[in-house]
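Chain IDs A, B, C and D follow the sequence of writing; residue 1 opens each chain.
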Amino acid sequence: MRDADFFRRWMVATAAVVEREADRLTELDSPIGDADHGSNLMRGFTAVRAALNKDTPAAPGAVLQHAGRTLISTVGGASGPLYGTLLRRTGKELGDAAEVSDEDFRGALDAGVGAVARLGGAAPGDKTMLDALIPGVAALGTSYRAAADAAEGGALATVPMRAHKGRASYLGERSVGHQDPGATSSALLLGALADVADGLL
Amino acid sequence: MRMLINSAETVVADALRGMAAAHPELDVDVERRVIARRDAREGGRVGLVSGGGSGHEPLHGGFVGYGMLSAACPGEVFTSPVPDQMVRAAKVVDAGQGVLFVVKNYTGDVLNFDMAAELAEEDGIRVERMLVDDDVAVTDSLYTAGRRGTGATLFVEKIAGAAAEAGAPLDQVAAVARRVNGASRSFGVALSACTTPAKGSPTFDLPDGELELGVGIHGEPGRERRAMMSAREIAEFAVGAVLEDLAEVAPADGPVLALVNGMGATPLLELYGFHAEVTAVLAARGVPVARTLVGNYVTSLDMAGCSVTLCRADDEMLRLWDAPVQTPALRWGR
Amino acid sequence: MRMLINSAETVVADALRGMAAAHPELDVDVERRVIARRDAREGGRVGLVSGGGSGHEPLHGGFVGYGMLSAACPGEVFTSPVPDQMVRAAKVVDAGQGVLFVVKNYTGDVLNFDMAAELAEEDGIRVERMLVDDDVAVTDSLYTAGRRGTGATLFVEKIAGAAAEAGAPLDQVAAVARRVNGASRSFGVALSACTTPAKGSPTFDLPDGELELGVGIHGEPGRERRAMMSAREIAEFAVGAVLEDLAEVAPADGPVLALVNGMGATPLLELYGFHAEVTAVLAARGVPVARTLVGNYVTSLDMAGCSVTLCRADDEMLRLWDAPVQTPALRWGR
Amino acid sequence: MRDADFFRRWMVATAAVVEREADRLTELDSPIGDADHGSNLMRGFTAVRAALNKDTPAAPGAVLQHAGRTLISTVGGASGPLYGTLLRRTGKELGDAAEVSDEDFRGALDAGVGAVARLGGAAPGDKTMLDALIPGVAALGTSYRAAADAAEGGALATVPMRAHKGRASYLGERSVGHQDPGATSSALLLGALADVADGLL
């Protein structure tokens, strides 16, 4: 069973890895975007960490909802509402139980990813964060590490894709050959989850 | 990095402090990032709220005032603002007649404004939303996020603002805003990439002697790169692209409102020279120009380049265009 | 070369064609290079004529109109206009009340305007001449050509223009113009050099991470090069330099008119952030700010950077500053 | 004795050399000026050549006055009135004789240079065109070639000078170490004169 602290540590670990990788995320957002994905997420997860350090809700669901609301209020851009919705929806699914099973969490995250797909209207292969999130969540049944690896693979698989959603879609054919920044940050998010689950962080 | 800043993190807050100091007639909330008319709630008008990433100044904050926007929400550089800002703006300007959100069609702007509209309506504010999507460089298909909103935003904000100032109800203000957008098309060209404070280097590589056709206003690369063209050739290309698309707007032979817009670093001297060519192309194609605006209005930080926006304006639009306006960046009749 | 031009040779003529197209309310003589008010000779006012090299737009052509200049003479890029232009302008605007030449203090401008004044007087036009020399970066000594004219030109043209509009006679228009100049000081900073169309490469080398303090508006290097400074530090330095020199102007504690000016390629976003710092420095030194203008008014092509101009304005100057003006670049009250 | 055609050929030769050296003159005007001296003079002397080709006055004095007026009407900047005055004043001194002696010309040019000094208020050593013109005219008594060489030497001698007049004076100490563009073009003017006198052009 996972308690609120597990989810707090996931968010803190994500803030750390986003901070470390912010420049790379922004670099990826340069050729096919507007060069802000790294600073967007850094602003957001720094705020999440601060919010959770100030007061951590007692329930896993409340932690993720609080994190999601904070992202929505601080990030802006496309990724703010999308990641915000991912965490809020996942948190809502978790309800107010003080501890949740891995299986409950898997179902909740799946619902969260579904909410992202509905909000953004993207499908797999559109070269978005979904291309990392969907395979990632699908592999969660195996292990957290497997999920992280699958998300990483999904992010790499966006390179040959032509973007159909978000800013990269303006480039048409010219979007091919670049890795999607949002898919990359989604892999970081699931990577942080695996690290926390594996007791590495 | 050749920037006149304190730090990348404080750019937007610093600019808001400067706006507050320079424009005491505006209510600039630096903390909450809302620039509003002090008299927004007087007179029982419809509120007109816009916003978007910073770096496009004077858009949108420079268009707040009598006869134009009631409030603007500046996001981080090239990043849409967050819903909290728009909700706050709606509250500050709503006089009970409802609020129109003018939203440029970018995924981030759309999502954040949508969330804000929901929240504001939960708070009892009537909200309409309209999308600006005038950029013909982007194909509006199932395979893109749709056309971007660029120069037409100025037309929409000025004309809808005049309608609101005149006391039109929310549905009419929204309707004229949508009509203006539907009658407007834009095309942009970059002669150099811009540098965001956060990245500190150009957002794309543009070798000397080349240009990007169909560039966006966020440092997104364009759809095509070509060898450098003359002002005349660029005007031919840009006006051609706009007119081709505008042909679907009736009446196909009406007069146009023209915005010849600088991206930021192109000197006004060059922009006027470019405007001469735009005028020549329009004349050669028999398009009458009713009104013209030449200058840096919808910019992209320090990008060199230009865009052309044409709106097939009907008599009502022209009348509203000519109505008095008093904002930091656009002012006449008062 | 990242220029939106047809050719280096036609830049000025092309821009004039564009001005003519964009501003039908102005009489733009592309051939003779004179931009004049159509109603310059109506009402029997004193004529106010200025001019200088091109590349500083909107200065001066953008300041022609009601309540400001009667005519402007644009020279080649960064090159003073020729006497023929000024003589022509004097003829076009003289309503028998005489003409004031507003001349920025550069050797070329002074020599050409002097020749023009002589020729115009031979033609029976009464001409007064006043020199703008507000740039504190240049020591006014026997060993220099004296202080350069920069940002104060805008103050002089606006305030003297209002006086002329109100019907003041030539000597009074000249007197208030001289008083404004005497009460004004400027300091400029470049974050990058500009590129003239004729040269096609930056006029001086400015390594990344350095800036030029005390730069001119013609791409002349400044007096000192330093490692990059923050907006706050630049404001401290520039406002400090201006105030130090302004201390000799009485009353030393009067309110100031402030121009926070962009050199061309510095985004408005940054300029407003800089203005916040200028305001802070002035507040810290107890200098009350009566009026403020933030924007790109006296530019240097695509140079990045800024300048600060302060004028210790008396009540008459403030009244004339507030008077209506209707020009392409400055407009209020009409 | 020198006729009108001699002076016309001088102006045409100057136009040619200014055209060839325009970029260098502009380069010299970059570090201590505003990077326009080459294009200024090219515009002026191209106009002079066109004016004289259209109709060459019959007298040497008239040729130079016409050239001077053309420079004043087309160049602008500091060099327009200064070079215009140089040629106009020299032309006026020559009067309306159909032919003039080398000695008359020398005296007239001396007066022209004096007019430049009065108009611009510069003294020798101020790092201006006078630093080439004055030694140049002084050596005219020897030969046209000697005058050209002296002017060339004068231009080179401006390198270590600190500018006290014109745009370069704004730079103060930083003007040291650069050759004055106007002195350089003055040397070209006297070089063209020598070439024409020597029958090279």
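Quick note on the criterion: contacts are C-beta pairs under 8 Å (C-beta built on N, C-alpha and C of every residue); 3 or more make two chains touch, one makes a residue touch a chain.
Values in this document were obtained by computation on a predicted structure and should not be read as measured data.
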Contact partition of the other chains, chain C left out, is A, B | D
In terms of mean CA position, the chain most removed from chain C is A
Between chain D and chain A, distance of the C-alpha-averaged centres to the nearest whole Å: 72
Distance between chain A and chain B based on Cα centroids, please, to the nearest Å. 31
Centre-of-Cα separation between chain D and chain B, whole angstrom: 53
Hunt down the residues of chain B that sit against at least two other chains at once, touch-wise. 77
Take each protein chain as a node, join two nodes whenever their chains touch, and name the resulting shape: line, ring, star, complete or other. line
Which pairs of chains touch each other? A-B, B-C, C-D
Once bound in the complex, which stretches of chain B touch chain C? 1-7, 10-12, 14-22, 54-55, 57-58, 62, 77, 191-192, 208-209, 211, 228, 230-232, 234, 260, 264-277, 279, 289, 292-294, 296, 299, 301-302, 304-306, 326, 331-334
Which part of chain A faces chain B closely enough to touch in the complex? 26, 30-36, 38-40, 43, 72-82, 119-120, 162, 164-167, 169-172, 174
In their shared complex, chain D is touched by residues of chain C numbered 8, 53, 75-84, 106-108, 111-112, 115, 137-139, 142-145, 148, 196, 198-199, 203-204, 216, 218-221, 223
